[in-house]
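Going by the order they are written in, the chains are A, B, C and D; count residues from 1 in each one.
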Amino acid sequence: MAKIDFQEDKLHEECGVFGIFGSPDAATLTTLGLHALQHRGQEGAGIVTFDGESFHGTRRPGLVSDFFTRENVIKKLMGSNAIGHVRYSTTGDSIVKNIQPFYADLSSGGFACAHNGNLTNASMLRQNLVNDGAIFQSTSDTETILQLVARSKREYITDKLIDALFQIQGAYALVILTNKKLIGVRDPYGIRPLVLGDLKGAPVLASETCALDIIGAKYVRDVENGEIIVITDNKIESIKPFPNVNERPCIFERIYFSRPDSIIDGRSVYSYRKNLGSELAKEYKIDADVVVPIPDSGVPAALGFSQTSSIPFELGLIRNHYVGRTFIEPTQSIRQFGVKLKHSVNVSYIKNKKVILIDDSIVRGTTAKKIVKMVYDAGAKEVHLGVSCPPITHPDFYGIDTPNYDELIASNKNINEMSSIIGTKSLFFLSLDGTYRAMGCEERDNSSPQFTDHCFTGEYPTPLIDMEQGNVSKQYSLLTEKS
Amino acid sequence: MAKIDFQEDKLHEECGVFGIFGSPDAATLTTLGLHALQHRGQEGAGIVTFDGESFHGTRRPGLVSDFFTRENVIKKLMGSNAIGHVRYSTTGDSIVKNIQPFYADLSSGGFACAHNGNLTNASMLRQNLVNDGAIFQSTSDTETILQLVARSKREYITDKLIDALFQIQGAYALVILTNKKLIGVRDPYGIRPLVLGDLKGAPVLASETCALDIIGAKYVRDVENGEIIVITDNKIESIKPFPNVNERPCIFERIYFSRPDSIIDGRSVYSYRKNLGSELAKEYKIDADVVVPIPDSGVPAALGFSQTSSIPFELGLIRNHYVGRTFIEPTQSIRQFGVKLKHSVNVSYIKNKKVILIDDSIVRGTTAKKIVKMVYDAGAKEVHLGVSCPPITHPDFYGIDTPNYDELIASNKNINEMSSIIGTKSLFFLSLDGTYRAMGCEERDNSSPQFTDHCFTGEYPTPLIDMEQGNVSKQYSLLTEKS
Amino acid sequence: MAKIDFQEDKLHEECGVFGIFGSPDAATLTTLGLHALQHRGQEGAGIVTFDGESFHGTRRPGLVSDFFTRENVIKKLMGSNAIGHVRYSTTGDSIVKNIQPFYADLSSGGFACAHNGNLTNASMLRQNLVNDGAIFQSTSDTETILQLVARSKREYITDKLIDALFQIQGAYALVILTNKKLIGVRDPYGIRPLVLGDLKGAPVLASETCALDIIGAKYVRDVENGEIIVITDNKIESIKPFPNVNERPCIFERIYFSRPDSIIDGRSVYSYRKNLGSELAKEYKIDADVVVPIPDSGVPAALGFSQTSSIPFELGLIRNHYVGRTFIEPTQSIRQFGVKLKHSVNVSYIKNKKVILIDDSIVRGTTAKKIVKMVYDAGAKEVHLGVSCPPITHPDFYGIDTPNYDELIASNKNINEMSSIIGTKSLFFLSLDGTYRAMGCEERDNSSPQFTDHCFTGEYPTPLIDMEQGNVSKQYSLLTEKS
Amino acid sequence: MAKIDFQEDKLHEECGVFGIFGSPDAATLTTLGLHALQHRGQEGAGIVTFDGESFHGTRRPGLVSDFFTRENVIKKLMGSNAIGHVRYSTTGDSIVKNIQPFYADLSSGGFACAHNGNLTNASMLRQNLVNDGAIFQSTSDTETILQLVARSKREYITDKLIDALFQIQGAYALVILTNKKLIGVRDPYGIRPLVLGDLKGAPVLASETCALDIIGAKYVRDVENGEIIVITDNKIESIKPFPNVNERPCIFERIYFSRPDSIIDGRSVYSYRKNLGSELAKEYKIDADVVVPIPDSGVPAALGFSQTSSIPFELGLIRNHYVGRTFIEPTQSIRQFGVKLKHSVNVSYIKNKKVILIDDSIVRGTTAKKIVKMVYDAGAKEVHLGVSCPPITHPDFYGIDTPNYDELIASNKNINEMSSIIGTKSLFFLSLDGTYRAMGCEERDNSSPQFTDHCFTGEYPTPLIDMEQGNVSKQYSLLTEKS
């Protein structure tokens, strides 16, 4: 029997990280923090704790609330220091050994590490390490960092870590737990996010502020680009080993990934998204009866568009939150159902209307095409589709799961062609400068862009070593062993 | 370790039903139909099919997409006729033997039955049946129907069924599968919904039209109150055995239960909910900066309120869709987290604002209290709470899981007291007539109300026999056997 | 891929029962008792307890030690009265709803029942009951007993039970638990066994004495044929409602089913089996070098044969106790392995030897054929096969899983033909009178046989009503629902 | 609730290994081979295959027949070369990451390894490797071998392996799979066994001949002590890198571990065990009525004892093969059950008899004590206990799980004291020379013993480096991560 796959046509983040130091409820609080970061990855989750003597850890496929809410799980994760990780759900079977945090017994003691991001020279480094006798147990680039740390001849763990960081390239936000320290690291450009918080004196590290809010911790500051934060029992130390460069965070955190209530740069992610909608409304004047978001992610931009354009906002599409990934497909004698499992039309607000659909991004265009058809089938007079960011023309190599150039619709088609494929009366994208304005910039600084925005521009912040050498494979010829 | 329970303070429906007759993909289509009805019950799901010779069935705890999307499950559910059921998730362990459809081998052949609703004299009937030698295998009132049908001395199954229906009282929408027929039944008042559809000639029965939409079936008509629809290979027959009374459907289907895109009486449920918000805005003029829905169910009414009042609508509260039911509670030294697992504040739209929160109903007031506190903690200047239906003062006995009088806040407190408990600057409820206006009535017809609305009025449409005799227990002293 | 099935060519018992009344550890002791009876059935096990107020129960597929040794399982089985059941492993999927004890809420209160045996008129009774409105939930003949008890119009439970017993025919050893009583019943001929024991004042019922031994209980006496033993708080009452007939227990309990250390009629089962071997040695003089049992069940008879014949006993065949039921079969290019998964040859004691293999019975002859070939392949000069009971020519209908006439080798072939099929130099069976002598009788009393021995003689003790009416099907056209 | 643990008082082997090269059914045949070796370890099993391009592997807790008989498991283990491993069941939770075969991606390609035995300098080597940057993923000494191979600077895999072998000490039988070769290795003394077989041209390696028999493979020869056998597509090469020493296999393979039908040195293990019983009977003349083995392992020696002494052999003790490891213990008000779950008395052959019990070894004496009491409780007049090997006075460090000196009864008590503790009328052990005679030697060659027999003599064949340095811990402070 064929299966219908309902993976949405979106970019996908690969991870979220969390750490806490010196709190009696470390494992429970990490569970809550990871739960708040669940939107960053649903494949699996892991927690490692340290109780003053031993490290304890559990890694599991599935959602945080599926497993880490069990009493017997939390009981075994003893200790007041902990780090945790949620991992993005790739297609295909989950491989437990790739679920983080990773752990190694170094000569200096235990070392656990959780990583959000992606290295661009991991394959090259891995090959060198294997040639030198290293044995890898996972297919993850994160293990490369551990192997490099393990082989450093420096005495102190912080120096070992710096040794390793100077060899890796790409995007990384790390939280690391040793028997004395909780360490947070952001790559030189600060591509992936990491914030520092405080829970009644216990320092906290997290990918987003929403993970601080859920445990009632206060936001202290962002970990800076290129900064190593070393937390011990009596102090928080900042180390900046890299040459100083301007921060250049990934713009998709604001456009799509971060949770709407997370605060970045003093403002909520939701407000950036409304701004994107407002800017879009300023750039395009469409004669329409109703603004309808493609739920859930298109809602804030649609609200912004509606408020700026004064065209009424309606929930003309309904999203079913119970949906799984696949369903058995009925035989061909019966029509394809496709997108209806996830979205359905609220006919009253669509029929005989000129509709502007608003989405936050278009990747392959597959979901948009189905939805546009569904809206026309429901009786819409016209369907326009506004996208609250520029066309995505280039893939990512820093931890966002993007399709190849071949599959990126905007990489191969112009806007008219895309509109024709998707079936819209008109298709319009926010300009790059409009995007920067929505973020609060006057314009993009082309000599030193304020954001990592290569998906729109092709300007990658770091060399893409593995890709240029043809080492882009994410899977080694290891055992096909499954959990 | 203590557990935090995050069951929301809402009413809960007990079931959704679906049936299809004469389609080669009967089990797959039933899976899709039940998936569309998943909001009506998440405890468990079951499907029974008939392949011309044998009945096949599977019943399982969990979501439809957890289990019924597996190829090996669908393969065993052979046949072109099928019925299915989704069941509401009660607290406590799921009892597999209560998951429907129920099945019995009658002298006339196999008989499978799925039921949405609740009988008000099931305990009394059960006692009589047990005294007469019947053995019950479940604790469900639905089994009473089967036992009555089994004992009827009439020859034909339709007559046996009518025999049984004349003995039961309360609310019921039934779908029944025999070796020759698919049968749909609605109780004399039509308290619970049931619609008839058509998929390329194959008749379909479902609780809501959204289950027709997902499979591309056309809506034909509602099954009428007191009607029995008998579907066989060559015709659809309508039987009306009961004295004629006016239809009086449960008003909560429109206020809360049905999916927003389902169509009732020619209009979408979403539009009724927007009307409720509009009516509320007409009844109360509040000076405020922003209208914020309590997501997800408060969104349509908040939109209606905003459009009518011209106070801007903002998603000032964010809902986490990954939430499970319980989490391990951190120790007392750390503050309670409560509602934050499910909802978080979008501070930018709350801080220093006069906020009107809109919810669709208040049951115990517990969730509202936590959210109001959270909104004040986020810096709101004033928090008003508007509820888009009247105060719920009376429990339900027709298939809605309501708390006792003791726990219903509106049953025990006046509005000022409730406002003080919940912590709002003001608390305001839509009037009963406003509610009826939102439904398209001029006013409530007090001599013959258009809706079953006892939760607001105490006017129960049928006698409450078991309750009056003290037989309200839903659990018999059976085996504590679990799945 | 094909599967190799390693079900042995033996008769299979359908059940073992256990009950205890008035012991604080009732569930734990029942677990131990069922564990001792595990050889009587490995498909599933169940326990029902009564704690003075409520009944508790759990039924599960698998071995007793797989599930009932878990603390959380035992904790829920509260109360000082308990009954339990182990069920024989049929091929095909296990059906949880057929695992006993069965339970019903009767008008007189809870009624739990576990049954070893098989009724010969269950299908006829079931049809009558269904015609009268009874709903069956299982495919088991045992449920018929419950339905009959439920429908009795007598006032007291003991009378209801007698009402039911007068309607059923066949073999049954029952243990029954009500809210006041533990009841044991044996059918009028005492075909299936049941013993009464005592654990420090707490009465115990069990299929065999080995279940008394494991808990340190004393053997009191056998429940007599046709006897009902009613145990209450202050007395043990014996009721004999049936006309008096001679006891006629199933001879296979001694030949094959019962555990070797169980005591029947004052002597161990092991000793009866040794006697069978001795009698066989007296009847046949074979010139051979070594007596080799087919393990495990052939060992006692082989010892008896060896001691009487003075031919040395050796474990020339080794049995692997880790064997599962099926293995993936290698492709045809490689030879069949068959019996080697369960048995292997101890070559040193076989090669160049004249070997007498001893087995306790031959059903289809399939296992014997493979073993004989294996022994010849290992270099045996001659292979003789002695069987310590007569040829099995007739199937059983009293709770032993036997193949049809078609498959019973002795029903279709004479001894020479069988020897040729199995591949032995000679094949010899113990005579019927020899079998009776081994049991301690002078000879078989043909006018009133001391044992139920129809498998050898075709003399069934009761009418075979269902079979004669063509109602032998054990499976009704119920749901194919699986656990 | 307390748990009764029924782990028997025996020595326990840690592993069995199997490999096959160039057979289309490699995974199925490895499953069968491991099944035949299941007595060597029941904690878990694993298989790694190579299909010409990729390695595939699965490792699971539990029995071979629990998991590797599933079609979907075998289907994924593609390829015609395979190795497998069964692992001994330790108390405590199974740790999946310690289940073998282990796998590493070396610079030379994939390398899978399965190990039976134990290294005596693994901790020291591990510490050195960690100091040099190696990351270990398991707590097993076997991983040390992989890390050493990975770090060898030699070019060819065989040379890398020899590099590693020269650094390790202790007992090992290895099977190794690379993308070109199947390799078998035995340590310089040949402490653990390994045999070479042939299945229609496909070479096979296995711990015992019983694993050849089950797949119909022919025994070719033993892998010699200190030999490396390298199997490639076109030849089988033998390498002997170590200085020549006499073979000195572990004597417990014959006394207890190997399966009775396995052939060692041309004779079945069963025959060695009978010889041990015969020798025991020659050394001790006891006036007794019956010889009773403690089943199952005491049976062959008891047969030998009976035949030599002419005292009749009877199965006076019955073993329950369904036993699990633990049961809930009844409360103290009821007597302890202990050994009865696994063994029960066949009273008829015990009561009023002078009984000689025969067991193959005594470790702590705990099981023996319970059985002796049980036999006296059953009415024995006298109970003598004969042990068919010398007293075990020293622990093993070569892969047999032995208790410490403290717990070894013979290490702390003389024979009279032991007899008194165990409760026997007399206790007698086979002499060391008698043991050697049973093996076919005239006597023990004290200058160069024919067997590894330190458990009786304290003469360890290799230095015990880790133990002497205090590195005997088998568990590192790694993650407590469980499967």
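In this text, a residue touches a chain if its C-beta (ideal position, glycine included) is under 8 Å from a C-beta of that chain, and two chains touch if they have at least 3 such contacts.
A quick note: this is a predicted structure, and the numbers were derived from the prediction, not measured.
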{"item": "Where chain A and chain D overlap in contact partners, by chain label", "value": "none"}
{"item": "Chain centre separation in whole Å, for chain D relative to chain C (CA means)", "value": "36"}
{"item": "Where chain B and chain D are represented by their mean Cα positions, the distance between them in whole Å", "value": "61"}
{"item": "Centroid spacing, where centroids are CA-atom means, of chain B and chain C in whole angstrom", "value": "50"}
{"item": "Shared-contact residues (touching 2 or more other chains) in chain A", "value": "none"}
{"item": "Chain contact topology (line, ring, star, complete or other)", "value": "ring"}
{"item": "Pairs of chains, among all present, that meet the touch criterion", "value": "A-B, A-D, B-C, C-D"}
{"item": "Residue ranges of chain C in contact with chain B within the complex", "value": "48, 53-59, 76, 103-107, 110, 130-137, 146-147, 150-152, 476-482"}
{"item": "Residues of chain A that touch chain B when the two form their complex", "value": "1, 3, 23-25, 28-29, 31-32, 35-36, 38-39, 42, 63-66, 69-71, 74-75, 199-200, 210, 213-216, 259-261, 263, 267-268, 270-271, 296, 299-300, 303, 307, 312-315, 318, 320-324, 326-331, 333-335, 337, 340-341, 344-349"}
